[in-house]
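Some structures are shown below for you to check.
Okay, so chain A shows up in both of these, paired with chain B first and chain C after.
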Partner chain A sequence: MTIIFKEETFHDDFTFRNSPEAVKRFPFPFPEDSYMYSVNLEPHKSYRPGSVYERTFDVDEHYVSEMRDRARVLAEDPLRCQSLPHMTLAGWDLLELIMTSKAEEYPELFELRRDGAKWHWINRPLGIEQKFTFLDETTLPYGPMEYITRQTQGDFAVLDQRDDNLWMDAGMVTTQADWSLDFDIGMNFFEWHAPVPKAHEMGIFQRALKFLLNVQQGSPARRLNWTMTVNPLLDTSPENYHKWGVMKKDLTLENMGQMMHLRVELQTFFRLPRSNALVFPIRCYLIKLDELVTVPKWARRFHRVIRDLPAELATYKGFITNRPKIVEWLSRYDDGAATSPGIWPD
Partner chain B sequence: MSAGAAKIPVTVAEVTPVNELVTRFRFVRRDGGPMPTFSGGAHTVVEMNDKDRVRRNPYSIMSDPADREGYSISIRRDDNGRGGSLFMHRQVRPGMEMIISNPVNLFALDLRARKHLLLAGGIGITPFLAQIKQLAAMNGNFELHYSVRTASLGSYAGELVANYRSRVHLYHDDRSEQIDLPALLDGQPLGTHVYVCGPKGMIGWVRKTATALGWPREAVHHEEFLAPASGKPFEVMLAQSNKMIQVGEHQSLLEAIEAAGVEAPYLCRGGACGQCETDVLEYEGTFLHKDHWLTPTQCASGTKIMPCVSRFEGKTLVLDR
Partner chain C sequence: MLEGSIPSRPVYGVLEIRPGRLHLMVADAEGAQAILDLAASAPSDFFAGAHIIYLPKKSGDKFVARLERLAPAQLYVGPSYEAALPRLRRVLAGAHMGLQVYLAGTEGLMGQAMFEATQAGIPHSAIQTEHRGSTVRRVQCVHCKGITEDVTHDPFRCAHCGLHLFVRDHYSRRIAAFQGVRIDAEDPGNIPESVERFR
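This part shows the complex of A and B:
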């Protein structure tokens, strides 16, 4: 398997595109023609070769450009990466998890040589080679969590587990759907989820927390979440809302296919062994509506989902104002035919 | 989700008597690979094929969390228990093949603590042995107060004193030595967390004293695994599986469900983690709730039971399983 890494941007001129192969493996999140919240958790096991579920941490054609975008965002706002003092051990746990998985699952891209605590890491796509001492922070250019998440796609929330709750005590968050690590740092599970409509009344968070507190070593879990984003922006943060919020006003029926994106998060959960913390990687995949409608099943289903979505959810996801236009555009690709069950293209 | 944490096929590498009541067992992987790392305070569930039944008992891992070559546990023989510790002491020999679970931690260190005050009673020393190794490697600030019946029954007391000297304080029951708990708790610096593992009475005493002295609830940690109590046999209907099962005198409800070939979720098997919580559909009789999980309101409602430790006496019990 060879991945050709694309040169592209997620800001200003927005040159981000998916290749036809990337469209085919896109994690379309709707198994049926309507959507409501559910605790849609399943074991994070290798599944469907070639899909985003095959490997522990998926690496795709956008890897190099996404890492460049992360470095750009961090340079402008260093508070996107924070780790409270008691979370350093969890950072080492995460570094070990990512390095060992990537080296094993992508041997042509990543290599890890270990001699006791003396580690030697090679990241070929980013041209990085680093010798360091495991558990000795002074031997890395950044803290362990920051070091490894500057080389791994997706955001990372590292959650301390204590008092029967989870606490947002560390993270690397530069590709987020409108939430802020700097605001949430130190909050517990119920506090940081407080803005989500409907789900509290449905008891979703009580059940989800109970599940997450019991995620065990060696048995990671995953789920999908989704929203909509105008322009291929990885960084849709509250801090930069004044820059990207206004872009929603530029949307027309003419530019819809190129400007509007379905944004899907592959969320995974791993128990970290030394710290007993939980890491919550949130990997963002973007697809233009023009790209999405190349799969007829997805085009039909997505039209029906967006059309019938409860207003609270369309508001929370930030596209209530543009919804009529989006539905009108999508309706051209829905001939009313039945769709097959499951998320994969026919 | 499947029942319990992921399993590890192991071989018993060593069986070492520690004193007249306690024996240490060491497990290594059958495939020769490294054990998963773990955090101090974690336990593993050991499966025992004892004649026609499978026992699954949780034991704290006492070895160094950084040691990937094997896991060690220490088991105190309980002559009046349900038979798990007797099986381990009498039947298990080096070279035997067994199954243990991936580590699960319900008694983790709070890494925010400025100081860790560890209080152990008897065999309750085991989770602290791993935590102390972890803390020592991180230059953590800890102090151990360890209460034993007699010097000869003080498992690992000698090596703890030799390795950590002034950080270890021993108390012998036969010399009428007792932890001066109010003075000890009163003299701790701000940011101290206290951890207790030992007999039920000791845990209650520490929690009560700490509360009375104004310690925050979040700074007081305890681990208490309950062994499932024996009791009168009873009959249960499993509605989903459409099976009528018998729970024997020395069998837990969870064990009886498993013996009937019905997969049920679990982790700690000691009434603490909440994983095996089961809905009651119908009952006529009295619940004997023994767990630490359900609230008094839930217990009184007759809608939930924790089958790992709780029992039932009466005419009818129908579970959603």
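This part shows the complex of A and C:
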């Protein structure tokens, strides 16, 4: 398996595209023709070779460009990466988890040599070579969480577990669907979920928290979440909403296929060994509607999901104003035929 | 009472006497009344161990004489929270076991003082809160991070960057503020009329 890393941007000229292979492995999030919040958690086990579920931390053709975008966002706003003082050990746990998984699962790309606490890390795609002492912060150019998440796709929330709750006490967040780490840091599970409609009343967060508190080391879990984004923006932060919000106005039936994106988050949950913290990687996958409708089953189903989504969810997800246009555009790809169960293309 | 339930917002109670060696009370404006009400059920020597930090704001000297009559060990009447902050930090830094903290008044005051107290290591179980008076909000602009105090209207203009913000029902205890988000982000210049939501 060789990955050809693309040169592309997620800002200004927006040159991001998916190759046909990347479209085929896209994590389409709808197992049926309608959508409502649920406690959609399952074990994070490897399956379907080639799929985004095969490896612990999926690396794809967008890796190098996504890491460049992260560096750009952090240079503009260092508050996107924060760690409260008691979270440093969890940062080391996370660094270990990522380095060992990547070195084992992508040996052509990453290498980790360990001699006691003397570690030697090689990241070929990014051209990084680093010798350091495990658990000694002075031997790395950043704190351990920041160091490793500058080299790993997806956002990361690191949760401290105490008082039967999870506390968002550290994170690296530059590819988020409109929430602010700087505002949410220090909050517990119910507090940071406060703005979500319906799910509190449905009891979803109580059940989800109970599940997460019991996630064991070596038995990670996962779920998918989704929204829609105009232009392939990884950084749809509230901080920059006054810059990207206005782009929603440019959407027309003519540019829909290129401008509108389904945004899917592969969210995983890992218990960390020394700190007993829980790490929550949120990996964002984008797909243009033009790319999505190359899979007929997805096109039909997506039309029905968007058309029938409760207004509260479409409002929260930020596309209520554009929904009629999106539905009209998608309807051209829905002949009314039945769709097969499950998320995979036929 | 504050209306509306937001899971990220603290629930405030009613102050009650708790056993302790030092009783630190921080209040603004109408919050003084919560201390006076507390006094009604206090044992006679209670205020001999009390330090009151009081910021009258718009209530002027309405409550000051009555607070003096409680004869607290220390009574500080100050012009603003910022002015009182070094004193508050000093008291918290010198606090020993047995400190009880009583916060009363506006949400912004209680939130900020709560943050200072927990930073100083005072356990939550030793901190009480009671909301009194104004429901004005302290709001952080999510774009420039500047905080605007005593927000009454929605939308309002950020005191720092000048953007027109709506007040989102999301509250951070750490910042002791609600979140303000640009209202005309998707349609610049389209700013609805501002209405008084918080008094």
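In this section, the second predicted complex is superposed on the first by the 346 of 346 C-alpha atoms of A that agree within 3 Å, B and C clash if a C-alpha of one lies under 4 Å from a C-alpha of the other, contacts with A are read in each partner's own complex, and residues count from 1 in each chain.
In the analysis below, a contact is a pair of C-beta atoms (placed from the backbone, for glycine too) under 8 Å apart; a residue touches a chain by one contact, two chains touch by 3 or more.
In this text, all values refer to a predicted model and were calculated from it rather than measured experimentally.
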First, second, both or neither for A:161, with chain B first and chain C second: first
Which of chain B and chain C A:315 touches, first, second, both or neither: neither
More chain A residues in contact [chain B versus chain C]: C
Touched partner set for A:218, first chain B, second chain C, both or neither: first
Touching partner for A:186 - first (chain B), second (chain C), both, neither: second
For the chain C and chain A complex, residues of the former touching the latter: 6-9, 140, 142-143, 145, 163, 168-175, 179, 181-182, 185-188
Touching residues on chain A, where the partner in the complex is chain B: 43, 85-87, 89, 160-163, 210, 214, 216-219, 273-276
Chain C-facing residues of chain A, complex: 79, 180, 182-187, 190-195, 200, 238-242, 245-246, 248-249, 321
Residue ranges of chain B touching chain A (in the complex, touch as defined): 1, 5-6, 36-39, 41-42, 65, 102-105, 108, 110-112, 134, 138, 217-218, 267, 273-275
